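In the two complexes that follow, chain A is the common piece, with chain B as its partner first and chain C second.
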Partner chain A sequence: MSPQPQAAVGAPLSRVDGRLKVTGQARYAAEHDVDGTVHAVIVDAAIGRGRITSIDTREALAHPGVLRVIHHENAPKLPYRENTASNNPPGRRLRVFQDDEVLFHGQPVAVVIATTLEAAQHGAGLVKVGYDAEQPSTDLHRAEPDKPTTYARGDAEAALRTADVRLDLEYRLARNHHNAMEPHATVARWDGNKLTVWDKTQWVVGTQTELSAVFGLPLDSVRVISPFVGGAFGSGLRCWPHTVVAALAAREAKRPVKLVLSRRQQYFGTGYRPSYEYRLRLGSDRRGRLRAMAHEMDAETSSYETFTETVMPAGQMLYSTPNVSQAYRTVPLDVNTPLWMRGPGFATASFVIESALDELAAKLGIDPIELRRRNEPSEDESSGLPFSTRRLRECCTVGAREFGWHRRSARPRSRREGNWLIGMGMAVGVYETQRNQAQARVRLDADGTALVQAAASDMGPGTYTSQTQVAADALGLTMRTVTFRLGDSLFPPTPPHGGSQTMASVGSAVLDGCNRVRRQAITLAVEDRESPLYGVDAADIVVRGGRLHTKDSPARGETYRRLLARNNRTHLEALGSYAGAAGPRRHSFYAYNATFAEVAVDADLGLVRVRRMLGVYDAGRIISPKLAESQAIGGIVGGIGTALLEHTVTDHRDGRIVNANLADYLVPVNADVPEVKAIYLDGEDREADPLGVKGLGEVVHVGVAPAIANAVFNATGRRIRQLPITAEALL
Partner chain B sequence: MSTELPESAPPRSEPKETAAAPSRRAFVVTSTAVAGAVAAGGVITGTSLAGPDEATAAEAAPASRVSLTVNGTRRTVTVDNRTSLLDLLREHFGLTGSKKGCNAGACGACTVLVDGRRINSCLTLAVRLNGAEVTTVEGLTDGDRLHPLQQAFIDQDAFQCGYCTPGQIVSGVGCIQEGHTRSPEEIREWMSGNICRCGCYVNIVRAVEQTAARK
Partner chain C sequence: MHPFSYTHVSDTRAAIAAGRRGGRYIAGGTTLVDLMRETVERPERLVDISGLPLDEVTVTERGGLRIGALVTMAEAAAHPKVRSLYPAISQALELSASAQLRNMATIGGNIMQRTRCTYFRDVTAACNKREPGSGCAARDGFNRTHAILGTSDHCVATHPSDVAVAFAALEARVHLLGADGERRVPFAEFLLRPARSPHREQALRKGELVAAVEIPALPRPLRSGYLKVRDRQSYEFALTSAAVALHVRGGVIREAKVAAGGVGTVPWKLPAVEQHLVGERPTDALWAAAAQKAADGARPLAHNAFKVELLKRTVERQLRTVGGNQ
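What follows is the complex of A and B.
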């Protein structure tokens, strides 16, 4: 942090954009009013694999209001240059309307442009597409995997053979879709060769580079604007085909185009958390000390891109284990490409590892928290590096106390209330602390207000608010006199708004920029003979409420306004920057949690109801406690969905997703969520980044599903090794 | 498409043209309720270099005239019979506070009050609303003053991304008016038609409770 007094950071403030959001004035992607906009609706492939043999657009074009239909037979060839500055996974990205090939059910095969939304929607239904269909391969269980990515230390196989206790467990995790409430949407406008898009994205810079690569435009000819994102949870971390379609449609129609994916189209037009088959073999001694873990993970990816995520680190560093082997295989299927979803990789691995640990605890008759204590590592055993901060034991202790863990019966199925079987479970979660290069522009105006700009996003965690808090303290201004703007590729670049890195990365750049501007002002004052601070050591000056003064005698000083006015300065300005995790790694950086769940399971119907949940977090410094609490509660609610409800179902006969809507893909509703509580351990991580933060958005979600699964076991004695845990599985 | 009569803003873009008789598509029965109205459909001019995938001319889509009051302002419009109330609000009136989350009545983001009752505006055809009083989130504020539930949402941090928020708030206003606020359990049940994917339910219940208690 800075030598400045901390007034805003750490204070439980309300959101600075709250008023805009509760009055409906916050503008999301499809809500930007661009003159002359027409509407575009995508026609999706109705087969799971094959070729387009014909496209008949006559009826669509005859429909009142329809202007154009674009498809592979009439679309211009697009450059589709390589884009290394993107989140595109290795492979050959989907090229819209460039050939007759259908790679997955729902792939865009045409787009209908019309003067009204109604006409575009209706017109899309009138396009007749003929296909030469092949049998798609969409079943993870039956398809051929790629070569594995492996990791090994010690000899896991030998250690498993000689271990006192062995478990050999197979888990299946369903595909989950992000299903943010705002559908993905793009408004595209061309002004000559310059393209402006208003897009739902978690990375305006990434969408800018991708559109520049696809259309072969100089980077500065593409501007991406995204001031509000209606949730994303990872789905906005790359530029999807529909954004290209919108830009292409606008260019062909010579009109601005608005394209909003339907809820159904989100399921194959954007990514998802891939389904997994995960086998874990585990060996321990009789006291529960782990001797070996062998992980075999198969995860779905598309036939055209190889998507991978960080599913391996947790198995290497979470517990002290001398012998570890891992084989992670992607399985190419005729599906669209997955993408990171909240707590990517770690959430998947933690369900398996934490379920297995609970099973081991039950088998050995050891309390699950005690078992984890016995396997606490003294360093990161994958790298030999010390942990920057790791307070997992404290998370467990505080959680156990606050949750009333002592009331849990070690014997499953021993607590009953009427027809409900009651159980308690816990699990721990971990997520790596990411941070990357970022910049922010800071401008202090002569009227004593400041404007801070960065290309960042705010999909809900509260970037607007928390960055304003950092800036206000570093500049010595009140919250009300600082404006933070984001979501425009014209602003200084930032990394993707994902992986819980925004606070560390953007926040550190904002802090740097504000520190620079404050120091400029201080230098100006101490060198100005007319300033009351003339000649004072700059290090002795702080700024509070827009007034510079000496630390020791607050009476001696003056305001930014007076200082700038007297010096004829309209403003002071600086570009703040943060280099990210530069240089050699000297520590292992992770955020941790212990999550507790109490569930009730209907003994006859297998219905699971979560009764209460608690998460305790070691996440470094908390910049914005009120918003951090909401994040944690939300992460837990998302975890309830993963644990009990969420499951994208594909019909393997034709590759169609059969529950591509919010009535059949279930997510938690208000009645599913009773008491949820979050506790953040006080502290900071001085090694991680200048703000001492470790990231929140992911870690609060990791560990939730296994805590619930373990509670279900405690309630029923039934161990369900699949997600979601459905009533059918329990009957 | 819609065209509004003089008492409110002019149509946004489409050039006017005489509408042809409704054709091609047998539309839902409800449109006949207002079939006597003049259909002033705006339509389409093709580009001069029309190719096989460009429209050159077309008849107007079936349209009807409807008068309704939105947030206290009476509006008369000629609207494509297929237009939902939600699309009328968002695409034609510029009232984008009501959100489209699923367009199928499953998420509640589009919740508005019609004649005091909360409904999913995505499932309601605009042409059915002749004479109706519609209140959206934009109509809840009293000048600069927030509705108490809007303020409670800020106080309780009952939202994150903000996309479901207008629907939650309008739904909460309905829930409070209905008196379904006697316990947190009851609020949870009666607010379960509004999905919040950010997972702010605990705080939403608190905000509704706080506001109901003031009444």
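What follows is the complex of A and C.
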């Protein structure tokens, strides 16, 4: 942090953009009105794999209002330059309308452009596509995996053979879709060879780079704008085919085009959390100290790209384990490519590891929290590095106290209320602290207000608010006099708004830029003979409420406005930057939590109802407590969904997603969400980044599902190793 | 959405005339509009009947209830007579859909609503109900939520309504208005099992309009209630459900009305369960024994076999809830 007093950082402030959002003035992707806009609707492949043999567009083109139908037979060849810089996984990315091949059910095969949305929708239904269909392979359980990515320390197999206690457990985790409220949408406009795109994205820079690669344009010919995102949970971390389709349609129609994916199309038009089959074998001594863990993970990916996520680190560093082996295999299927979803990798691994530890605790008769204490590592055993900060024990202690863990009976089925069996469970969560290179432009105007700009994004966590808090304190201004703007590729570049890295990365750049501007002002003052601060040591000066003064005598000073006016300066400006996690690693950086759940299970009817949840977080400094609490509630609600409800179902006969709508893909509703409480441990991580934050948007989701599954076991004695936990598993 | 014409009618005669010319009736529109957006339904002419005088709840001469077809779900659920005479109906309604939908959707539309089978609602899938003769993708597809009772080789889709289960249990009658006047059809005959023609869902003649649902007077005291089992706690269709009404006098069950939802191609009346109860004294053992008959004749599919056991337990639980722990 800066030497500045903290007024905004750490204060429980409401969202600065709250009023815009609740009054409908915040404009989301599809709400950008561009003159002359026409509408585009994608025609989706109705087979799971094969070739397009014919496309008949006559009826569609005859429908009033339909302007064009673009498909592989009439689309221009697009450059599709190699691009590894936009979160494109290794492989050959889907190229829209470039050939007759169908790689998955729902792939875009044509787009209808019309003067009205209704005409475009109806026209899409009139396009007749003939196929030569092949049998798609969509079943993770039956398909051939790729070669594994492996990790080993010690000899897990040998240690398993000699361990006092052994568990061999198989888990299945369903595919989950992000299902944010705002649908993915793009408005595209060409001005000559310059492309402007209003898009739902978590990374304007990544989308800009991808569009320039696809269309073979110089980077500065593409501008991507995305000031508001109505939830994304990771689905906006790539530039999806529909964004390219919108840009292509606009170019061909020579008109601005708006393209909004239907809810159904989100299920194959964007990514998802892949399903897993995960076998975990673990061995311990009789006191519960882990001797070995052997992980075998199979995860779905597409036939054309190899998507991987960080499912391995938790098994290497969470607990002290001398012998670890891991084999992580992607399984290519005739599906669209997955993408990161909240707590990616870690949430999956934590369900398995934390369920297994609970099982070990039950088997040995050791309290689950005590078992975790016994396996607390003194360093990151995967790297030998010390932890920057790791307060997991404290999370457990505080959580146990707050939740009333002592009231839990270790014996399952020991608490009953009417038809309901009551159980408590806990799990821990971990997520890596990510941070990357970022920049921010800071401008202090002569009127004493500041404007801060960074490409960035705010998909809901409150980037607008928290960055304003950082800037206000570093500049010594009030929240009201600082404006933070984001979501434009013209602004200084930032990393993807995902992986809980925005505060650490963008925030550190904002801090740097604001520090530079404040120091410019201080230098101006101490060198200005007419300033009351003339000759004062710059280090003795702080700024508060837009007024520079010495630390010791607040009366001696002057405002930014006076200072700039007297010096005939219209503004002061600086480009702040942050280098990210550069240089050799000296520490192991992670955020942690302990999550507690109390559930009621109607064992006769197979119903699970979550009654209480608590998360205790070690996430470093909390910049914005009110937003952090909101994040925790969201992470827990998402975890309830993963644990009990969410499951994207594919029909393996033809590869179609059967429940591609919000009536059949269940997410929690208000009635499913009980009392949720979040506690953030006070503190900071000085090693992690200049702000001392560790990231919190992901870690709040990790550990929720296993805490619930463990509570179900405590209630019923039934160990469910499959997500979601549904009635049929409990009957 | 396919293009369509729209007319608003203000008297039933005009409505029926428009219906006979091929118009489709629309009131709350909570199902039909969704299905039109998905192009599952492609009506050419919509006839808006929401202005017709079919929106009253009245007590019949014999002490039953007549619920007009245009009474909204919310209004019916809140009606004092419905609440006091037939709690199973108000409970079924309140456990349906969402508050917003209940404010729009009508009783007539509710019993006319179409299945939630995901293959029915996906126009690229085979579905005999949507496109006769195209096949049934659900039989060998993902059929966790599908029916185990009343199915045929041609269709395994459930009827989604909750309140229709209560109507079936209580042996309601549907009042239908046609060109030849009004007729009354027992609820059990109004909704059709799929057999070989799953696209025919109601025993309606061309242009006929649902005017009301009449619940017969039943001997008092009558205790009734509705239990809905579902994955999430609100805003979801039933995995299983049970409507139960019991008339107990002198310590003996004199009348038992039981039906199940979420399991049948139509709301599933359970006469075998009813017969097991009548003339007996209420005991936990009786509830359990009667409920064992709830799934008689069930033909489970690959993913819904759990419904056989769940149905029995649902019925047993609701018998005990209504009839009491003995």
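Everything that follows uses one rule, which is that the second predicted complex is superposed on the first by the 731 of 731 C-alpha atoms of A that agree within 3 Å, B and C clash if a C-alpha of one lies under 4 Å from a C-alpha of the other, contacts with A are read in each partner's own complex, and residues count from 1 in each chain.
Going forward, a contact is a pair of C-beta atoms (placed from the backbone, for glycine too) under 8 Å apart; a residue touches a chain by one contact, two chains touch by 3 or more.
These numbers come from a predicted model, not from an experiment.
Student: According to the stated criteria, A:445 is in contact with first (chain B), second (chain C), both, or neither; which is it?
Tutor: Touch status of A:445: no partner.
Student: Looking at the overlay, does A:669 come into contact with chain B only (first), chain C only (second), both, or neither?
Tutor: both
Student: Which partner does A:125 reach: the first (chain B), the second (chain C), both, or neither?
Tutor: A:125 contacts chain C only, not chain B.
Student: One more residue to check, A:637. First (chain B), second (chain C), both or neither?
Tutor: In the superposition, A:637 touches chain B alone.
Student: Name the contact category of A:379: first (chain B only), second (chain C only), both, or neither.
Tutor: Neither chain B nor chain C is touched by A:379.
Student: Let me test your reading of the model: by the given contact rule, A:606 touches which partner, first (chain B), second (chain C), both or neither?
Tutor: In the superposition, A:606 contacts chain C only.
Student: Now for A:649: first (chain B), second (chain C), both, or neither, which partner does it touch?
Tutor: second
Student: Could you say whether A:528 touches chain B, chain C, both of them, or neither, answering first, second, both or neither?
Tutor: neither
Student: Look at A:33 in the shared chain and tell me whether it touches chain B only, chain C only, both, or neither; answer first, second, both or neither.
Tutor: Touch status of A:33: first partner only.
Student: Going by the contact rule stated at the top, is it chain B or chain C that touches a larger number of residues on chain A?
Tutor: Touching more of chain A: B.
Student: Let me check the overlay on chain A: which residues of chain A are in contact with chain B and also with chain C?
Tutor: In the superposed arrangement, which is not itself an observed complex, chain A uses residues 118, 121-122, 661, 663, 668-672 for both chain B and chain C.
Student: Applying the document's contact rule, which stretches of chain A touch chain B when the two form their complex?
Tutor: Interface residues on the chain A side: 14-15, 17-28, 30-31, 33, 35-37, 57, 61-71, 74, 115-119, 121-122, 179-183, 228-233, 260, 262-263, 459-462, 626-627, 629-631, 633-638, 661-663, 667-676.
Student: Would you mind writing out the residues of chain B in touch with chain A in their complex?
Tutor: Result: residues 1, 13-14, 24-25, 41-44, 46-47, 51-56, 58-61, 80, 82-83, 87, 90-91, 94-104, 106-107, 109, 136-138, 140-141, 146, 150-151, 153-155, 157, 159-166, 169, 187-189, 191-205 of chain B touch chain A.
Student: For chain C, which residues count as touching chain A in their complex?
Tutor: 1-3, 39, 116, 118-119, 121-125, 137, 140-142, 144-145, 229, 231-237, 239, 306, 309-310, 313-314, 317
Student: Contact residues on chain A for chain C in the complex?
Tutor: Going by the criterion above, the answer is residues 46, 118, 121-122, 125, 419, 604-607, 609, 644-645, 649, 651, 653, 656, 658-661, 663-664, 666, 668-672, 726-728, 731.
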